[in-house]
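Report on one structure; see the data block that follows.
Which chain is which? They are A, B, C and D, in the order written, and residues in each are numbered from 1.
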Amino acid sequence: MIVILKPGVNHDMRQPLIDWLKGQKLGVHISEGDYQTVLGLIGDTAHVDMDLIASLGIVDSVKRVTDPFKCCNRKFHPEDTVVSVGEAKFGGGNFAMIAGPCSVESEEQIVTVAKAVKAAGAQLLRGGAFKPRTSPYDFQGLKAEGIELLKIARAETGLPIVTEIMSIEHLSLFEDVDVIQVGARNMQNFDLLRHLGQLRKPILLKRGLANTLKEFLMSAEYIMAGGNEQVILCERGIRTFEDYTRNTLDLAAVPMLHQLTHLPVIVDPSHATGRANLVLPMALASAACGADGLIIEVHNDPMHALCDGAQSLRPEEYAALAEKVRAVREVSAL
Amino acid sequence: MIVILKPGVNHDMRQPLIDWLKGQKLGVHISEGDYQTVLGLIGDTAHVDMDLIASLGIVDSVKRVTDPFKCCNRKFHPEDTVVSVGEAKFGGGNFAMIAGPCSVESEEQIVTVAKAVKAAGAQLLRGGAFKPRTSPYDFQGLKAEGIELLKIARAETGLPIVTEIMSIEHLSLFEDVDVIQVGARNMQNFDLLRHLGQLRKPILLKRGLANTLKEFLMSAEYIMAGGNEQVILCERGIRTFEDYTRNTLDLAAVPMLHQLTHLPVIVDPSHATGRANLVLPMALASAACGADGLIIEVHNDPMHALCDGAQSLRPEEYAALAEKVRAVREVSAL
Amino acid sequence: MIVILKPGVNHDMRQPLIDWLKGQKLGVHISEGDYQTVLGLIGDTAHVDMDLIASLGIVDSVKRVTDPFKCCNRKFHPEDTVVSVGEAKFGGGNFAMIAGPCSVESEEQIVTVAKAVKAAGAQLLRGGAFKPRTSPYDFQGLKAEGIELLKIARAETGLPIVTEIMSIEHLSLFEDVDVIQVGARNMQNFDLLRHLGQLRKPILLKRGLANTLKEFLMSAEYIMAGGNEQVILCERGIRTFEDYTRNTLDLAAVPMLHQLTHLPVIVDPSHATGRANLVLPMALASAACGADGLIIEVHNDPMHALCDGAQSLRPEEYAALAEKVRAVREVSAL
Amino acid sequence: MIVILKPGVNHDMRQPLIDWLKGQKLGVHISEGDYQTVLGLIGDTAHVDMDLIASLGIVDSVKRVTDPFKCCNRKFHPEDTVVSVGEAKFGGGNFAMIAGPCSVESEEQIVTVAKAVKAAGAQLLRGGAFKPRTSPYDFQGLKAEGIELLKIARAETGLPIVTEIMSIEHLSLFEDVDVIQVGARNMQNFDLLRHLGQLRKPILLKRGLANTLKEFLMSAEYIMAGGNEQVILCERGIRTFEDYTRNTLDLAAVPMLHQLTHLPVIVDPSHATGRANLVLPMALASAACGADGLIIEVHNDPMHALCDGAQSLRPEEYAALAEKVRAVREVSAL
């Protein structure tokens, strides 16, 4: 960690800070420039409160030299982590596709869609049972019943199931779920992350709407620090001023994360764009820049069938997408 | 709700949508323009899935005419809500000041600061027991012990206490807390909000880093829909591209919220700016634009005392601030 | 245009607005709902000041039903525009690659790079002569001399040249430039755009850092309204809170723009990411989602050659990229 | 300037960079940590290309220790700059109010409004002659004629006039204008700034929609580097995800800028919020946090008079605002 002092801070003014740092068992290397003095802290700075030091009147700024994330850091674990779910594998050159409806609505619906997406090439089934909704008056999902219906669809198709958890108190309901999803709004629900770190099953962690990649990795770190190393990261768009698309898909996050971490990174083009006709191009783009998988909304709903062009894809559109994605992956392997 | 169809959508193409809407017990008023047709939906549209309709291929866009928030909407409740905590009151022309350290560290620390902020004019004591930290390796607070120390400080000073909850599973520890704070990262932890709606005590709800005012009000709505009407809203800065300040304090949110809702609105200039020397000007600005209170970090820490200028204010700085805030409020009452 | 009145606005309150609208030769269709009244404006609303109406006390909100852009709107011009520069073509299924150094530095440098990028497959040469720099103390480019050196490189290689204009007063220097680039900071320099609309040569218009797609298209409209229809749009990243990459490449803008406009859309992955090792994956992603071309920084600089990994690509890296881009385009044609 | 090398970069790998830096006449101080090496550059680093160094493969990051702005930097010029226009003064404890209509429409209009705002306490008259409009089809202002009408209003009232310039080619028309305004969209129109630096009259520089405070100051630096020291900075809202208000007024920028620069800082609450009923509270907040002036839209338009509540204030509303602003300034002087 490097502490840059303000111009004009002399020996006497800085000594209390240096003494305090030494009291925290850090070596302090002093480098005096023409204008400003720089302190280099030597030792284990992971526990040093960077904000506290930055807030001091004599300090211009503080810069962390070492990354605050350890378990998920590629520097300390150069090989890709491969997360396996049944026969599907994410990472290390493997690619897997998750598909299914936004919400589980009925046994007939989820089984029908499950069969359709399996036929189209999906390896995992997604479906919302607990739905985080902005409004308390909107449909909140079938909850426990929704999870049971997902299990029925799994029994009928063999597809492992992925569904979102919203609260620690529902954890027992997720015992037989194959991949537990943490939604964007819960990316910094640290207590939830800590509990998931105690499990030994894959966690699909979605990036928060306004979170940096560093914060994203720190949330993965919460899970991994508990010993659960099976974390799949998912880029799903960030909030910006642009309003044609629901969010702004930050696709450069995929190769950037691959440099920073060994964890697999997948993309959710459905939620990121909110527009069905953007899902195909952004799925291809995701594959081209090295994503380790895709999670895509597919429906089988008469209302949509009638009107064409809803946000979710129809099974036949998804099948066409899956084929093109495979072709792009073949030629673009980085 | 108004549904604007795309140009060229004819009678046959739109009929399935109109039938579906009527099936949801809505009246549909059709207005044909030169280029486009507009459907006006009449009846209770609160449960209509706006995103679903917007996603249809024949729909250009959808606009909600009525607000999705009810309980907190000023239209249906024109008088200000006044939230009382001991002798302090927020809203309806009342102003209250909350102060205290970022974290509870020890009995000596919290009692000393409590006495100091009381002397300086604060009416409530804040202090973090459960601390949401980006990193799992950072200090996470004294937890249950921290709450006990806050109670001791309350016993010594008479100041009601405000502290943050991070998870439903800790709810029992907060039984004797006067005001429960929901932090920015949990603003859309809907299960937590729902549980707090079952309580009958004041909730201090902080705006999320990337949340619109509408989403902020919908989160208040989650609490109020459960019957708990004592919600205090807190603007604490949003995430933008600017990096001189930690966040961007969106102060226009104060008068804007006052138009939209009858709930009291306070401001946290300490977290919004992250710089002690900006706390005074932004506290005065908050008072000038009609805020119903302030929550400010005050410390009493030898490390900071030595170095001057930390992010938190010293008690004497806080006392000077409190006096100026009173003067500004007197002349600017809107 | 649709004007939604506030609840409780009665006949007398709305009449002055209706009269004013009729005075502007618009038909007004009144639709009274249970809660609110909606006015549908019929006729040519392109000149109606939407902000003015929205600001009225009796108005809840205003929504434009028709797009404000005409010349660049795909609705009125369904076929792709193809912009040709020498043998290179952008749009309509054609793809062209622009490459070269950030700044023109010397004859030797620009000729060497031009030969290298031509050999690697680039069809146009880029190089900055006038450089917009945040600081007045930074290198501002070789200016007129830089343009002369670009012409020499063109003579040596046959590659058409692309370079940025910063001010109307330099327009005469650009007479013999093949494609004039408008940088992100000048996207809303409306006087400059208007002058470029008088020309009959291709304009490469970069999206502003904080501009929506609608604003981007309106700036293209400024050029096209003058009669110059040869506009190439360029997505180059927008400003967000994320700071690992220099900007956030909004790649979904490519297929979104293709829906909204018939103009070709290219991508600049070099400026968007600011990191050489992200240029290849984002170039492939651009090709996969349907971009009509790429503009990429390539250098040939001993300082960089020594240290490896600078922001620009080396010619051999660019050649490898060009080959992969071709392969991705072949399999992903949408 | 501090250059932090990546972990594992050894002596041989870093030597070319060090040689190159020394070739630029910089001293290089090498500080080797346990994990990483830090280079401290000594000498005049103002011309060193920070981005270039940051882009090198062996470099982790670069941090500028000294500010890149000189002329406007408070460190080198501790006393407030006072900009005088007629009897009005901005800065150094002085406060001045600018008011007037968005656009100059006619002689009658501008003279009537000028008299009204003068009576209400305004010291300068604003009015748009050249209007930057997103759409080429919107009203672009009366241009040269508008400036002539402003001069007539000045002759009638004695109020100095403030109006916006959009292009260098119009410069001669602004010879007799008292304060030349640079709009948000032109904040980084560097050629325009450079020309204004050659003048010796006050420039009102508005912050760009997506520009940081550092970029804002660098644009002021462009003007001052030419010798024109009369720059008034204006905060007018930045672009964020929030959409209730037109932009997000970043009011903490006022005290932050006062720390960084000696230039006066004013606020435009009309454009920042886009809502007339937010202008008063945000004007008071601006005064409370130390702004040196306000620029506010005031109209006198029958259409608005009929409908009440338009974005601009009516003269009597403005008069009430001016009185309250004075009261807040008196008690809040920091």
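Definition applied: a contact is a pair of C-beta atoms (placed from the backbone, for glycine too) under 8 Å apart; a residue touches a chain by one contact, two chains touch by 3 or more.
If you're wondering where the values come from, they're calculated on a predicted model, not measured in any experiment.
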{"item": "Maximum centroid distance from chain B, chain identifier (CA atoms)", "value": "C"}
{"item": "Which of B-C and A-C has more C-beta contact pairs", "value": "A-C"}
{"item": "Centroid spacing, where centroids are CA-atom means, of chain A and chain B in whole angstrom", "value": "26"}
{"item": "Between chain A and chain C, centroid-to-centroid distance (C-alpha), Å", "value": "31"}
{"item": "Rounded Å distance, chain B centre to chain C centre (Cα mean)", "value": "39"}
{"item": "Touching two or more other chains - residue numbers and ranges from chain A", "value": "210, 239-241, 243, 275"}
{"item": "Chain A residues within the chain D interface of the complex", "value": "2, 4, 7, 29, 31, 33-36, 38, 40, 42-43, 60-61, 63, 65-66, 75, 239-241, 243"}
{"item": "Chain B to chain A touching residues, read off their complex", "value": "16-17, 20, 46-47, 49, 51-52, 55-58, 68-69, 132-139, 166-169, 185-186, 188-192, 194, 208-210, 215, 218, 221-222, 225, 239, 274-276, 303-304, 306-312"}
{"item": "Complex interface listing, chain C residues touching chain A", "value": "210, 212-214, 238, 240-245, 248-256, 259-260, 272-273, 275, 277-278, 280-282, 284-290, 324, 327-328, 330-332, 334"}
